[in-house]
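First, the structure itself, so that you have it in front of you.
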Amino acid sequence: MDILSLFIVLPVLTVLVLVFTKNLKQARIVALAGSLVQLGMAINLIFTYIKEIETNDAIMVFTKDVVWFKNFNIHYNIGVDGISVALLVLTAIVVLAGVFISWKMEDLPKEFFISLIVLSIGVYGFFISIDLFTMFVFFEIAVIPMYLLIGIWGTGPREFSAMKLTLMLMGASAVLLVGILGIYFNSDADGGALTFNILEIAKVNIPVEVQRLFFPITFIGFAVIGALFPFHTWSPDGHASAPTAVSMLHAGVLMKLGGYGVFRVAIYLLPEGALHWSWFFIILSAFGVIYGAFAAIKQTDLKYINAYSSVSHLGLVLFALLMLNKTAWNGAILQSLSHGFMTALFFALIGMIYGRTHTRDVTKLGGLLKVIPFISAVYVIAGLASLGLPGFSGFVAEMNIFVGAFENDNIYYRIGTVIAVSAIVVTAVYILRVVGIMLMGPVKNEAYLNLERVRWYEKLGIFLLLLPIIAIGVAPLWLSELILKSLDPFLKGVL
Amino acid sequence: MIPGISIYEILTVTSILFFIGVYGFITRTNLISILISVELILNASVVNFVIINKYLFPEALQGVYFSIFIIAVAAAETALAVSIIINLYRQISSVEVKEIETMKY
Amino acid sequence: MNLNLVILIPLIPLVVFLVLGLFYKKIKPSISGYVGVLGLLFSTGLAFYTAYSYFIEIGKTEGIYQTIVEKTAWMNFTDSLRIDMGVLVDPIAVMMLIVVSVISLMVHIYSRGYMKGDPGYTKYFAFLSLFTFSMYGLVLATNLFQIYIFWELVGVSSYLLIGYYYTKESAVAAAKKAFVVTRFADLGFLIGILIIGYYTGTYDFETLNNPEGTGILNWAATSFMGLSALTWALILIFIGGAGKSAMFPLHIWLPDAMEGPTPVSALIHAATMVVAGVYLVARLFPMYYFIEDGFALNIVAFIGAFTALFAAIIAITQTDIKRVLAFSTMSQLGYMMLALGVSGYEGHEGLGFMSSMFHLFTHAMFKALLFLCAGSVIHAIHSNFLKDMGGLRKYMPITNITFLIAALAIAGVPPLAGFWSKDEILVAAFEHNLFLYVIGLFVAGLTAFYIFRIYFGIFWGKEGNYKEKPHESPGSMTAPLLILAFLSIVGGFIPFSEFISPDKAGFETHLNLPLAAIAVFAGLLGIVLSWIFYKRENELADKFAKGFGTFYTWAYHKFYFDELYLFVTKRILFNGIARGAAKFDKKYVDGTMIGIGNQTVNTSEKIKGIQSGKVQDYAFAFIAGAVVLAIICIYLWLN
Amino acid sequence: MNFSSFLLMRQEIALLAIILLLVIAEIFIPKKRKVSIVHLSVFLFGIHTIVGFFQIDESMLFGGMFRTNNLIHFFKNLLNIGVLVLLLQSADWIEEKIVNQNKGSEFFILLFSSLLGIYFMISAGDFLMFYLGLELSTLPVTALAAYETMKRISSESGIKLILSSALASGVSLFGISMLYATTGSIYFSEVVQVLASANLTLLGMVLLFAGISFKISLVPFHFWTADVYEGAPISIASYLSVISKGGAVFILMILLFTVLQPLAHIWENMIYAIAIATMFIGNLFALRQQNMKRFLAFSSIAQAGFILLGLIEGSQLGTATVVYFLLIYIFSNLAAFGVIQAISLQTGKERIKDYEGLYRTNPNLSLVLMLALFSLAGIPPVAGFFGKFFLFTAAASKGFFILVFLAVVNVTISLYYYLLVVRAMFLRKGENPIPFFRNKIYMRIGLIITVLGILLLGIYSPLYDYIYDLSSTLN
């Protein structure tokens, strides 16, 4: 078994074991064990990867290629580069944190953890796929458990939100399918065989008109899950209704599939299309950045605030990807990671606050710093990280994006950049608003004076997420170098 | 082969027969009448097969055989249909087509 | 010179912060205060050692003070653009190190008394250390991005400290306001950085500031809307500086920032953080001076002058002593900006630059002192307002004396520190632009007037209605007062121009007697006037105020800038755009998506009649469908 | 022609033997022990299914009227498995409800007759055999639809089915007569040689197509479907939606790909239009349904629309994807109907609303139904996804990207209503959930087979490759 397939096999085994568990205690232990090992493997992967690329200068390493459907030339083909390694680690961390946060999942615990792990299978598989078909398969596997997770364990209008989220995401993936088929049937443009292999297709000169036709389809297909304006509306409702761990996993990891897919498929395989269309999607994403931030200001539900903030932050990812240069790309990947950790942390904290106060309405909360100081303090830190304070990962990512975006000296791109940059102010406004209303000020409700203090498993979850945020923020160089090395192949097409 | 009458005329007749059958099927209110209309449609085809065989391809008897099978099958079909209709009649004492509209939308 | 020691200067407070922050619960308050003070004592010692070794031991090489840099890559953007982390030692950095160390140390000591018994004592010291670390980092930054990073960090420390009394709504609001306004200004800064990075290919101060470097020489190569792109960048960067230094019109956060604990106001909002803007312009002075013949620099000068005047006028009308001091700070910062703005580059031309830095230095001492005195007063009577004060000189002799010294210093009475630095500024302005000089002079008079207005109001006049007898503050608070008072007296005698000048070569300054006399006269006039108005309770001041009528009301309300901003933010941005965006999202964007879904279901409902349940309808559809298909097929075949 | 060549018809003969055996058994088995007919039938058909896997030569009989090749043989085996599963799922129902009405054996006899008809239909080498097969496959089912003679809706569905099918066969006969008029033959191999575009040919093609479309329930020939499914016994609805539809798709494919190949450029457009109409109508109607059987009826209409995406390709790839999809579809739909059958048998409940809270009382049944629905919706990793993906690939290979796009839009719509059922089972707690019950052994085996199929058929890729290789024999 090669080390990448383990990333899929291990969670599958975890699921199989979970099937035989009888109660919450057993289920969470199994889930914890599974995700711990997974995290261990992910961290191990970083080091083996670094070692490997010293001697191996292939675009993807640790590749494994097994023919699956030979008539369609579909392969089970996996491999990683720096980008996917980083995202795998993100996933492993968020999943583990999610297990910790769900420590007290009373209702149908077994099913909950199974769905959670199945979701993570999809994500892991997506990140390691080289074959478009397998990638698509894993993409859908990652999306569909969301329906059950939100629908069964959610709160509020859970059925509606779950349905909306699933339909919009599956609708997007359906559109994506057209794009993938379009790419597939043009992968023989240079006279080779039809193939789904990304690395092979990247070598093919797909006709320019075809690229221009299929780029927007593929882009939108992926970008919907990356919360591209105006297709982001599944996310606020979905996040608001989802149980904590699911919000974490969804915002933290699943939404990253969008950016990654856009990058790995749309931009990498259809560079001419990207050049042709980038202006349009830059307008959309830059608008989304500022729009999401503004929309977040007036929300009163904590999860909505965070969801719109995700729209804004992930808009920045797409924006950066479309800038088509290495610096911005690097920033986009870093932003994906950073947003993954931050937003997961946010949702974890919101979940804890909600679990104690039973409300997410900021106007009803107040003075929490006094009552639950640890959670509140971390919330402040997360807030500061989210508004791009130096020393946290968000800053590094945003600066890369802005510098990269500025490399593009077309005046319209510049204006887009300035608009996107100005979101940092609006971000500060909505973050500080929440901090001011909810955490500071007088305690509004007598009942809140005796809230339960933070528990050990919650602390563990928080630290797991906080640590990388600070680590990336303080010492970004090693990570950014890891990613930068993997960006060169992408650059060829857009030059 | 009927002297003085070309195939076109006969085919026109069978076509009319066919559409009469269709018309009957659509407009009759009694299930039995509808069944009779179906017979018209089948008979149009039967005549067609025979005529085409006789006028155009007289060297083989494919059409004629075909029409015999059609007649046989049509008989079976009718028998079956009537039996089901009778069953309905036992339940509701009616064979009006408007009685079989309970399942819709 | 050993840069490792310099690196230690910021690192010590960082370690203190981490220790206090992580073991927040475990450390006893009494210990945390000592930890903070001790840490800073080390840093201060190192700062002085650095100053000594930089100016005296190493001294000038080839006639100028060399810039010493030590850095390491932190983040690579492109092949040429990257963020380095490191330390840069040059005269103004060293000067700032001293300022930050001294004031911070004093504030640390003072706070041990002032904050005694506060539940968040440890947290407070942790934040102070965080701030000090950030400020050191800002001062020692080697490149634009590094300075931006620490710029943001001081901003957030300021946020945390203003909002220190977080259960108070006004404190929370003030903290938010301070952060958001400066953040808005930082937006300009950031874009400025991006522009500079793109056009010059570097963020390093050394390269950027080199008068023969590509950045400065090629400024004319690019233009945007009539100006060089780099000029735009400098203007944008100045906006950043203006935000931090509370220049008009981004000043609105500073008065509110007084919601924080008073020592914090002294440290952050009087002496150190707010001068960061001035420091930033000084740091990039060669660029400002050379690019487009100092176009951006002129803007700096005029904004500075206007702010100085504007703030001084408001200061006269305020009744909250901390606010008066806050406006005073603004006014003095305007002075510094003005001085930078009128400065030249070489030799004596650089007088403005030098005087700006000089004033920064002396102002830090006496303004911190003023704040700490005010803190001492507030500590005693638990009120910020003049109306609650009066006649305190009997109860608080030390505070009284030190406040007086500081007031005299800010009023520019010789031979106190303020006199020297202010005089140099006026000389520089006089040599550059008579108009600016007149404004400066007028402001000097106003400064003396308002500062003595509160001095008399606090310590003289009718005794306030005290619930319990006010008493002098404890030794831990008065000691820093005395030290700062001492510094305010002698600070002016440092031969600043020897050490600091734009070209780093240093030059000789001489007292320009006529101008000095005029300035002193203006100051004394102000003092005398306020003596007449406020020494005793009388009607004069009110009458006088009424004489100004509307203008007074406007000034009292800070020219309604808060309301204007409130209007723009609350009405237009929040209620207009933000609510609009939220509504638009719910109603139209989401509405469209949901609408598609609903429409599908509706369509389904509408067409259900097709499945009528009538077998004859089915037959009709069957035949019709076949006929239509046949027609289509035949049509296709014919075409 | 010698006796051994009759072995080509081995499947048909075996099935006929079973039918006759059952007739005899019906006569000789005493009334009290009629239940044993059920076991006997299942057993015999099980044997038949297993024996069916032995290889049969590729050849023809009766001057080309009957032919068989590996693909057809494979498809017959496929149908056998489907029918076997269907029998397993229906056995309990027959045992408990039907045998005491003393008509247990009719069910099997009629069902096998219909299957025999499908055998002949797909093995047909000329229009006559095709017609006979078609009728033989339809008529017994109409009787079965009206099988529950005590129920009015059962009779209603029987009448609707027989009238509609009579019309359909009349129309297709009329069409065949036109093709006969223009080509002079009813043998496929001769027709294809002389077939050329002409008014009458096209009209004949359309009418023939309409007749078969009726069985596949393509829009606008689909109207009977929902009513009949609702009224007929669940087993029969299941049979209609799976076996009968599968056979009809297969023969349609043979006709289009071989006999009507010269007109491909025309029927392509026809299929294009009908595919869009079928998918949309099927899905839009399914959205609203409350009755599970009716719901699955419209779902099966929509699925038929998807199948057309494979048919439109018109050659080996299309054949392979369609057969592969049918294979998966048979398992998925049988699983869904099986669960409905089980629940209906225990509680008599058939409405979606009745399924609320099912997971908490009957987790295994809910999981089976969920997997089945996911497979129908086309969600990986269950098999339906692969089937659908390949169908789309087939359509895309011809450049019909807009059609594929519309199809994926429909996939999304269909997901909505499949999720409605999942919602009822998993998300809702339900005021009056169906209590826990255990299925009998036949039903369990039937469901397990389908679940295994759903889970493994997609991932196990050699199966597709095998079908692809077989598909070359069609063309």
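Note that the chains take the letters A, B, C and D in the order they are written out, and that residue 1 is the start of every chain.
Just so we're on the same page, a residue touches a chain if its C-beta (ideal position, glycine included) is under 8 Å from a C-beta of that chain, and two chains touch if they have at least 3 such contacts.
What you see is a predicted model, and the numbers here were worked out from it, not measured in a lab.
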Exercise. Is the C-beta contact count larger for B-D or for A-D?
Worked result: B-D
For this session: Compute per-chain Cα centres, compare each with the mean of all protein Cα atoms, and return the closest chain.
Result: A
Exercise. So which chain is farthest from chain C, going by the mean of the CA atoms in each chain?
Worked result: B
Exercise. Taking each chain's centre as the mean position of its Cα atoms, how many Å separate chain B from chain D?
Worked result: 27
Seminar exercise, completed: The distance between the C-alpha centres of chain A and chain D, rounded to whole Å, is 42
Exercise. Roughly how far is chain A from chain B, going centre to centre by Cα mean, in whole Å?
Worked result: 65
Seminar exercise, completed: Taking each chain's centre as the mean of its CA atoms, chain C sits from chain D at a distance in Å of 77
Problem set entry | Junction residues of chain B - those touching two or more other chains | 22, 25, 34, 100, 102-105
Seminar exercise, completed: Residues of chain D that touch at least two other chains are 159-160, 163, 167, 171, 226-227, 288, 416
Problem set entry | Residues of chain A engaged with two or more neighbouring chains | 167
Problem set entry | Touching pairs - complete list by chain label | A-C, A-D, B-C, B-D, C-D
Seminar exercise, completed: chain C partner, complex, touching residues on chain D are 159-160, 163-164, 167-168, 171, 197, 199, 202-203, 205-207, 209-210, 214, 219-221, 223-224, 226-227, 266-267, 269-270, 273-274, 281, 284-285, 287-288, 413, 416
Seminar exercise, completed: Given the complex, residues on chain C that touch chain D span 597, 600-601, 603-605, 607-608, 610-611, 613, 615, 617-619, 621-626, 629-630, 632-634, 636-637
Problem set entry | Residues of chain A touching chain D in the complex | 67-72, 74, 133, 136-138, 140-141, 144, 147-148, 151-152, 158-159, 162-163, 166-167, 170-171, 174-175, 177-178, 181-182, 184-185
Seminar exercise, completed: chain C residues touching chain A in their complex are 73-78, 81, 83, 145, 148-150, 152-153, 156, 159, 163, 166-169, 171-173, 175-176, 179-180, 183-184, 186-187, 190-191, 194-195, 197-198, 573-574, 577-582, 584-585, 589-590, 592-594, 597
Exercise. Considering the complex alone, what residue numbers of chain D touch chain B?
Worked result: 127-128, 131-132, 135, 139, 142-143, 146, 149-150, 152-153, 155-160, 162-163, 166-167, 169-171, 173-174, 176-178, 180-181, 184-186, 226-227, 230-231, 288, 294
